[in-house]
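Lettered A, B, C and D in written order, each chain numbered from 1.
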Amino acid sequence: MERGKAEGKRRQNAEYSPRTDLALEIRESFEEDDVEIRGVVLERNPGITEGIEISRVVIRDERGAAAMGKPIGTYITIEAPKLKSAGEEYKEQLSKEIAGQLREMCRDLRQKRILVAGLGNRDATPDALGPMVVDQLFVTRHLIREFGKDFKEKHGLADVSAVAVGVMGQTGMESFEILKGIIRETKPELIIAVDALAARNVERMNATVQLTDTGINPGAGIGNNRKALNEESLGAPVIAIGVPTVVDAATIVSDSMERFLNAQGFSEEENQQFLFEIRESARSGETGGLFVTPKNIDEAVKQISIIISEALNMCFTE
Amino acid sequence: MERGKAEGKRRQNAEYSPRTDLALEIRESFEEDDVEIRGVVLERNPGITEGIEISRVVIRDERGAAAMGKPIGTYITIEAPKLKSAGEEYKEQLSKEIAGQLREMCRDLRQKRILVAGLGNRDATPDALGPMVVDQLFVTRHLIREFGKDFKEKHGLADVSAVAVGVMGQTGMESFEILKGIIRETKPELIIAVDALAARNVERMNATVQLTDTGINPGAGIGNNRKALNEESLGAPVIAIGVPTVVDAATIVSDSMERFLNAQGFSEEENQQFLFEIRESARSGETGGLFVTPKNIDEAVKQISIIISEALNMCFTE
Amino acid sequence: MERGKAEGKRRQNAEYSPRTDLALEIRESFEEDDVEIRGVVLERNPGITEGIEISRVVIRDERGAAAMGKPIGTYITIEAPKLKSAGEEYKEQLSKEIAGQLREMCRDLRQKRILVAGLGNRDATPDALGPMVVDQLFVTRHLIREFGKDFKEKHGLADVSAVAVGVMGQTGMESFEILKGIIRETKPELIIAVDALAARNVERMNATVQLTDTGINPGAGIGNNRKALNEESLGAPVIAIGVPTVVDAATIVSDSMERFLNAQGFSEEENQQFLFEIRESARSGETGGLFVTPKNIDEAVKQISIIISEALNMCFTE
Amino acid sequence: MERGKAEGKRRQNAEYSPRTDLALEIRESFEEDDVEIRGVVLERNPGITEGIEISRVVIRDERGAAAMGKPIGTYITIEAPKLKSAGEEYKEQLSKEIAGQLREMCRDLRQKRILVAGLGNRDATPDALGPMVVDQLFVTRHLIREFGKDFKEKHGLADVSAVAVGVMGQTGMESFEILKGIIRETKPELIIAVDALAARNVERMNATVQLTDTGINPGAGIGNNRKALNEESLGAPVIAIGVPTVVDAATIVSDSMERFLNAQGFSEEENQQFLFEIRESARSGETGGLFVTPKNIDEAVKQISIIISEALNMCFTE
């Protein structure tokens, strides 16, 4: 395929791209011959633990950012496909991998004053990840203020505060406004924002963790565009930890149809035309605003929230 | 279309029918010229309140039961399409309509000893309807046992007990086993089972109530086939109150594709062939075991649980 | 009794006063002949509804503030002793009385941008009042920002935001810090803070509402002294709504003993001496840090949270 | 002291005994010279872990049962006074001690079909222990029924089902009725009932576990006398696991006064007379129906529920 055509497709991809919050999936959606997109680097590494895969997408410049539709920065994806049927050991290893990647992303983590922000809706199970993680954290800021620096040093504690900010339908305020205010008042040096994401691939739901140093757009994956939470807007670096817990219903529909059409022997030209129309219709039609989630969503979110809170507690105390 | 072909299609319909728990939707899925299915009667009535529609499907005999894939009995569907944006008055009217239909289904309701069974999983928002309704009921059995019949008469109370039975992943037991045991011990004369259902039409999610005197198959709508809860199995009549809170993901996919194919100008023959394959693939593929739910599921389930519990409390005290 | 002695007793009272957050109870603890304390005015009025009593304590100057141990301002106490066994009508009347007093305390309530702050711990039932009220409010700020002033005018809505700030053990931050930050960012014109209080009289638990325009000291009633939330500290007027849901265990002990000793025929001198020691011991002993709560605390808090949230929703929309 | 007087006091003790569910505390309330009560044996042992004390009260015959006001059987008390400030290791040791005592009480635990019953009220934090333990158990009955005996053997699993039965105010039914019914239907060979208890000594709240093979009287500790849950009533052996999470308010009052009076130098005769009257008054007065609980009850109950569920999961899988 010549250059021109590939470009054309990438544009189409951008316009009708299935909704996903995972940089890895956006990268995967590019054509084979686009692998060398300047400004976007992808490395895949197996984790230290068998059955855990770690990928790193680095968006280096504005060109990469435009192609990816994501800000410049590093996106680590930790995939744990065996999580559903895993034993305690695998889960603990997963926590350790997450903690290891976090420490690498922010080397002197334990020296910083950290605010963990749990985004999302406590009352809607697939969106409850952030609040559930916050509930399980070992917060210390008040103890350090009461007992002093010696206490902090003696116990090797990070200075940690945490808040579940709620969602706009409950508070009438944006997550951004609440966080911005709290940050002005308490002046943390690092924000760690935890949120539920949307993936494209159903296999990744509740089995994948994305870490990024670029911050987060709350609700972006499910179509709620809110003000970004990042260093520029909040005044302190923001590491975002996200887990896809849902897939957009329109994405499921258009991907299922794409697979079906590919299997029917239509010409590529015909497929492209169909897909264009299918996506248009899926986006605007009755599946808009709906998301797909597995039956055991309560168990799945509970499990991954424990894994992430243990990873954070490890980073904060060890 | 000749008879034979219609029969053939109905069979195909049965085999690949989109999953729904609403008798009304199964009935709607039949071809135009099947309207006169013997053994299945459909009446549509506007409710007393504007904007509330009430339909009644009566399955009269085994032939109707076979065609519908549902037991003989009466299925009332109360549709409240304006519920999403409705004010308090509309909600109260909806409670009254539900109460009215319940009283008609069981005329001397207030004279009976009633056990309300909330089915489903308290921790997974779309499945929490049953437990949430139970939480809001005015239970009286223990008061009547303590203060006697005079107390009951004086206050005009029904004798009501209620239990949220949990789900098998939490208890290790089937809903049927728990209920059967409790019924043997407490001997209610009527069971009212409340459960979240699956619909085919996304518009009906959280805006439709089905009442039936045939009992219920817990989890049938989302593919968990458990032992039926009905008079035969439980030893007391069972009225089931269900609200579709999800749509099966495979259903969304195959319905979206059907609409798309119909719009593409393929021949009916071609469409049928495609649809057969699409459904096969949707059922067995990655969308199996997934369901679709709206973003505001927490608000939607809370609202409809209040409406149903108020309808029940009306029936029990007025 | 001469002046000097009364003064002395008042001092003793202040030092060993049973812990209560109700201005009315502090006022009641003064001796008969102190009724004319300058700077503190007490009026009792029956509410419009039978069985609801409304008292008003006004602390006019520093002298009154010192005697009462409370800031200058107005304290309305609404007592509903029949609440435990009340029907729907009484509860609705109670909501109306609360709404009426609130409107009087802040005359153009509906014109203001209001932030409701739910203080306390969602996970400890007696302390969950604030978060539970917030959960039931009709928040509008985001709607007004999206749909504009016309929308606000058309529907006659106040501009309401709401937040449950959590407790320090969960967040590592003081309620004050979180609120101060949010207020800086969202600039409300009025704060309404809702919190669980401690009473002295067990009869008042879950059956009394205190409104005050002086703000609040979170956790003061149960011995957690945090930074005050008031106009001076937060930059906007603060109306506090409090309900006693607990009694301090030391208070129960010393009050019970006082009643007992009074009945034993000891001389007043002896009683005073005993009581001094009893209170010392109760305060420092094993009852320190414990509180007393009724068995049905879950029902009681749920009920009063509904009543208060309905009062607020009335004020915001009517 | 002569025999007669001791007897008299014991009777008085029985009549006015402070409410406690701990056999150990009843035993401790006897006079020094009653240590040799026939039919009641007390042994104290340090646990394997430092800082954990294990006591065993065995009631051997009817005479002991009458003196103790408790049924014949074995009562193990595991005290962990350092729990409040303990690290992970101490908690894990506590789980192990509990598991060890359980295994001793029922030697072939893992071979039995077990039903764990969580008693108490999920919505009132001090009473939520039972439901919280049940939420954290690894239930297997449904898996074994689906995958067969080989699956059970291969994974070394016990056959475990679990249910939180709710309280009468929520269900209208007694715990006994619900359990009896479920047991008839599912035929477990052992019931493990988990419940919150009342202690006399505030130090024991949330830091003590009682195991007994005599079953349980739900709500006995806080004055709700319900039908006993034991082998006789339920048809299968019942091991009860209880943790005192509250102290009766009347107990706090009378114990505080007893300490005070003892310190005042009154004669024993006078004290006895006073105490008689104090207890009478505390029981019938305004403290009746109230209980005392610490401020951090949510943290304390959560912690002990994790410890107990881990002990049970150990017994069921190792």
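FYI, a residue touches a chain if its C-beta (ideal position, glycine included) is under 8 Å from a C-beta of that chain, and two chains touch if they have at least 3 such contacts.
Keep in mind it's a predicted model, so treat the numbers as computed, not measured.
Peer 1: Need the CA-centroid distance for the pair chain A / chain C, whole Å please.
Peer 2: Those two chain centres are 42 Å apart.
Peer 1: Chain C to chain D: how many Å between their CA centres?
Peer 2: 36
Peer 1: I need the residues of chain B touching at least two other chains; which ones are they?
Peer 2: Chain B, residues with two or more chain partners: 169.
Peer 1: Viewed as a graph of touching chains, is the assembly arranged as a line, ring, star, complete set, or other?
Peer 2: Looks like a ring, each chain touching just two neighbours.
Peer 1: Throw together a list of every chain pair that touches.
Peer 2: Contacting pairs: A-B, A-C, B-D, C-D.
Peer 1: In the complex of these two chains, what residues of chain B are touching chain D?
Peer 2: Per the stated touch rule, the residues are 134-135, 139-143, 160-164, 166, 168-174, 177-178, 180-186.
Peer 1: Quick one: in the complex, what on chain B touches chain A?
Peer 2: Touching chain A: residues 121, 123-126, 169, 202-203, 222-224, 247, 249, 252-253, 256-257, 259-260, 264, 274, 277-278, 281-282, 285-287, 289-299, 302 of chain B.
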